[in-house]
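Each of the next two complexes has subunit A plus one more chain, namely subunit B in the first and subunit C in the second.
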Partner chain A sequence: MECLTRMGDGTPVKMTKEQIKAEIEAGTKDAAHRAHVPELNSNEIEYLMEIVSDPSRIVSVVPGKEAVVTHDVGPLKVMADQSNSGVSIPCSREQAMCIYERAFASDTTELGHIDYSFKPVKPIITQEQSVLQNVNLITTIPVFYGAMPNLGLYYAPDGPFVEPIALIKEGKMSEAKVNMEKAAHQFVEDLEYITTRLYAVGLDGLNIDTTAAAGDADFWGTLMAVEKLKKSCPYLSIEMGMAGEFIFGFHTELEYDGTRLAGLFPHQQVKLAEKAGVDIFGPVVNTKPSKAFAWNVSRAVTMVKQCVKDSKIPIHVNMGMGVGGIPMYETPPIDAVTRANKAMVEIAGVDGL
Partner chain B sequence: MPIAHEIAGGMGGLRTAGDLVARMEMLKYRLDEGKNYVAKKLGTSTMDLRDEFTMRKLREKLGIGTITGVPMIGRGIEAKVKIAEVLGIRINSVERLKDLMKV
Partner chain C sequence: MQKSPVNANLALAKLPILGLERIMIYSHVKSTIELQKNCKRRKIMSSTKPLEELKDAILNYDVDGAKKAAEKCLAANIDPAKALNEASNAMKKLGELFDCGEAFLPQVVVAGDAMKAASGILLKKLSTKPTKTGKVVIGTVEGDVHDVGKGIVSVMLDAAGFEVIDIGRDVPTKTFVEKVKELKPNIVGCSALLTVTRLRQRDIIDALKKEGLRDKVKILVGGGATTGVWAEEIGADAWGEDAPDAVRKAKQVLGLPE
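Right, the complex of A and B next:
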């Protein structure tokens, strides 16, 4: 019997249960090989196959297994454009956050700048403080402030430091490393400037999204920033969401707590995040669009399961477009979204999404 | 997509006790620990925490915010003051309000 399923790019395909199972087995093997983690066991593989091949359009977790959902970008998905995955409904950020709270029944919500990186927030911090004060009065659910470290903005032409890739191409590796380190230190300073001012007007939580998008220096800067913020904002909850399943080594020699950052996978990344003081960790596993949805979700669940096991803090796996087994498509099909959701909660055992 | 996630595996926010368990996870409680803590504080079971039928009445009774706009029932900062009291936790915006109210 054939089942309707998807490819990693969202294309609908039909597969037999045997084909789905083969994809799941291949996906978990790939994850185990790359990240050096155990494969899913036979019971987990069978259960995942049942989830993927379920004939219903949407599936959901069994009662009692519900998990917490945190968000990146948040209200920008309501009032911003496509570049923020938004639907361009004309309304304010405050109104959009109320929509999240009362129409979408979100567990948490998030305030963020339209230009969703930390560097652009610094010059408009008073505006963000003002909106946060409004939001704190009218919302009941926890409010995070979210943005991306996006270390690339600190390099020329957008920032003051020399672009490291340009230096690397010229063979100037030492100079490239110096500029990466300087950019990371400037980010630490900027994040403290921004966060202390938001904390002063009652911020519940900070979401540092797509950490390590610019490689190991990006991750290094974020870990140092979290360590500092835990001293200057002692009652602030910090969520660290990652950008990719392993840390790109552009610098290659940066370490935190004696551990080299380049090449770390989620179950290794979380230990450093814990050490820095992170309260909620959001691992990422990248979707391969050319592979089957079953392959991708199996691979993602395998890596995240080990992360959950090794962590002492809550794990909120990233499950947006193209990560966590979700197809890489602008409007991810909800049959795939709900199946990946159920698999992550019930097999990987995540504390949230 | 956020709606799909909330329906498939989310706790349900103000419809149930999702925001309350979220606050515990923000304090590093794992999911089951957070549910157990909130259930104990609310005097209910962890299965009831995800049940709209039970939680709607309980939230109104405790004044910790409801999903629908019921006049006179605390919402926003009013509800958060009660949440902090009921759960025995610190909420930063509530602490700021208390600081501003000091004479």
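Right, the complex of A and C next:
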């Protein structure tokens, strides 16, 4: 009997249960090989096969396994247009955040700037303070402020430092490293500037999203910033969401607490996040569009399961377009989204999504 | 049944059920089961055989070592073509290590330098000069400032022997067209991270068609928001899923051996 499932790009595909199982086995092997983590055991593989091959349009967790649901990208998914995976509802950020609280029954909401990077927030911090203050007056839900470290904005032509990949290409490795370190230090300074001001008007939490998108220096700067923020904003909850499954090595020599950052996988990343003072960790496992959904979800669950096991802090896995086993498609198909989420909660054991 | 020009393995059939536009026939996607057999851990070797020494030098990012190994190959009367092939295999292996998070960008650059240094010595003794790998103009499309991925692809193409002209990020469509006219590349690489900016990849292809240049160049698209289906939809010649795949596809579209 054939089941209707998906490829990693969202294309529907019919597969037999045996084919699905073979994909799941291959996916978990790939994760184990790359991240040096154990494969899923036979019971987990069987259960994942049941989830993937379930004939229902959507699936859900069994009662008692409900998980916390938070959102990134602030209110932009409500306000932004469809090309940005939003629904383009004309409303203010305050209204969009109320929709998260009252219509979506979300467990947290997030304020964010349209650019969704921290650097551009610095010159408009008073506006962000003002919106946050308004949101705090009309909501009871925990409010995060979210954006990306996006170290790329610190390099020319957007920032004062020389673009390191250009330097690497020219063989100027030392100069590239110096520029990456300078950018990371500037980010630490900017994030502290922004966060302390938002904290002063009642910020509950900070979501540092897509950490390490610009490689190991991006991760390094974020860890240093968290360390500082835990001192200057002691009651602030800090969530660190990652950009990819392993840390790209552009600098390659940066270390945190004696551990080299380049090449770390989720279960290794979370240990450093914990040491820095992060309260919630959001691992990412990338979806391969050319592979089957079963392969992708199995691979993602395998890596995240080890991350959950090794972590002392809550794990809120990133589940969205192109991550966590979910297909790489603007509006990810709901059948795949619900199956991936169920698998993450029931097999990987995540605390939140 | 249609055959995708992007990936011949992906045969798509239109089935008018469940309101789904098309359902892929799984049996045509054999590659899905492939394991990452090639992604073995890198071992630092210390071989005394010149060919292995050459491969090891490249995999250990040792420019001087690669030069010495190339000279040793010639002194041992090893066919320079065979030695070049070994060096090329080392670069392919490095791509696989990069894909597994076990080799990093600066190392790819230095390994590329080691490869070039060895090739320089070996090519002088080669009776038949190989044709150039190809010229690639690469850029991130207009409205998109994300160039980390494009930078990685650019470095890896360079290390694989392509002549790479990186025209930067947030590049207007007309600039892509102008560069094709001016530089006459074999391949144009267009990167887009966002779903909103990937539309510019289609604009570039349309603009090249309008100028009568489309058939003169191969179009390689990539970036976080792209997929094989998207590449097929807009009429690109190939889609690079990640940096090593982009290098493979660049070779494929030019009919070069991997």
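One rule holds in what follows: the second predicted complex is superposed on the first by the 350 of 353 C-alpha atoms of A that agree within 3 Å, B and C clash if a C-alpha of one lies under 4 Å from a C-alpha of the other, contacts with A are read in each partner's own complex, and residues count from 1 in each chain.
We take it that a residue touches a chain if its C-beta (ideal position, glycine included) is under 8 Å from a C-beta of that chain, and two chains touch if they have at least 3 such contacts.
Since the model is a prediction, treat every value here as computed from it, not as a measurement.
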item: Which of subunit B and subunit C A:L76 touches, first, second, both or neither; value: neither
item: First, second, both or neither for A:C307, with subunit B first and subunit C second; value: neither
item: Contacts of A:A276 with subunit B and subunit C, given as first, second, both or neither; value: neither
item: Which of subunit B and subunit C A:Q19 touches, first, second, both or neither; value: second
item: Partner chain(s) touched by A:L353 [first = subunit B, second = subunit C, both, neither]; value: first
item: Footprint overlap on subunit A, where subunit B in one structure and subunit C in the other make contact; value: 85
item: Complex contact set, residues of subunit A against subunit C; value: 4, 7-16, 19, 22-23, 26, 29-30, 33-34, 81, 83-85, 152, 158, 165-166, 168-169, 171, 173, 176, 213-215, 245-250, 252, 262-263, 265, 288-292, 295, 322, 328-330
item: Complex contact set, residues of subunit C against subunit A; value: 7, 12, 18, 20, 22-26, 29, 31-36, 39, 100-102, 104-107, 109-110, 113, 145-148, 151-152, 154-155, 158, 166, 194-196, 199, 224-225, 227-230, 241
item: Interfacial residue positions of subunit A with respect to subunit B in the complex; value: 58-61, 63-71, 77, 85, 100-102, 104-108, 136-143, 199, 201-205, 235-237, 279-280, 312-314, 316, 319-321, 326, 331-332, 334, 337-338, 341-342, 344-345, 350-353
item: Residues of subunit B that touch subunit A when the two form their complex; value: 1-15, 18-19, 21-23, 25-31, 34, 46-47, 50, 64-65, 67-69, 75-77, 79-80, 83, 90-97
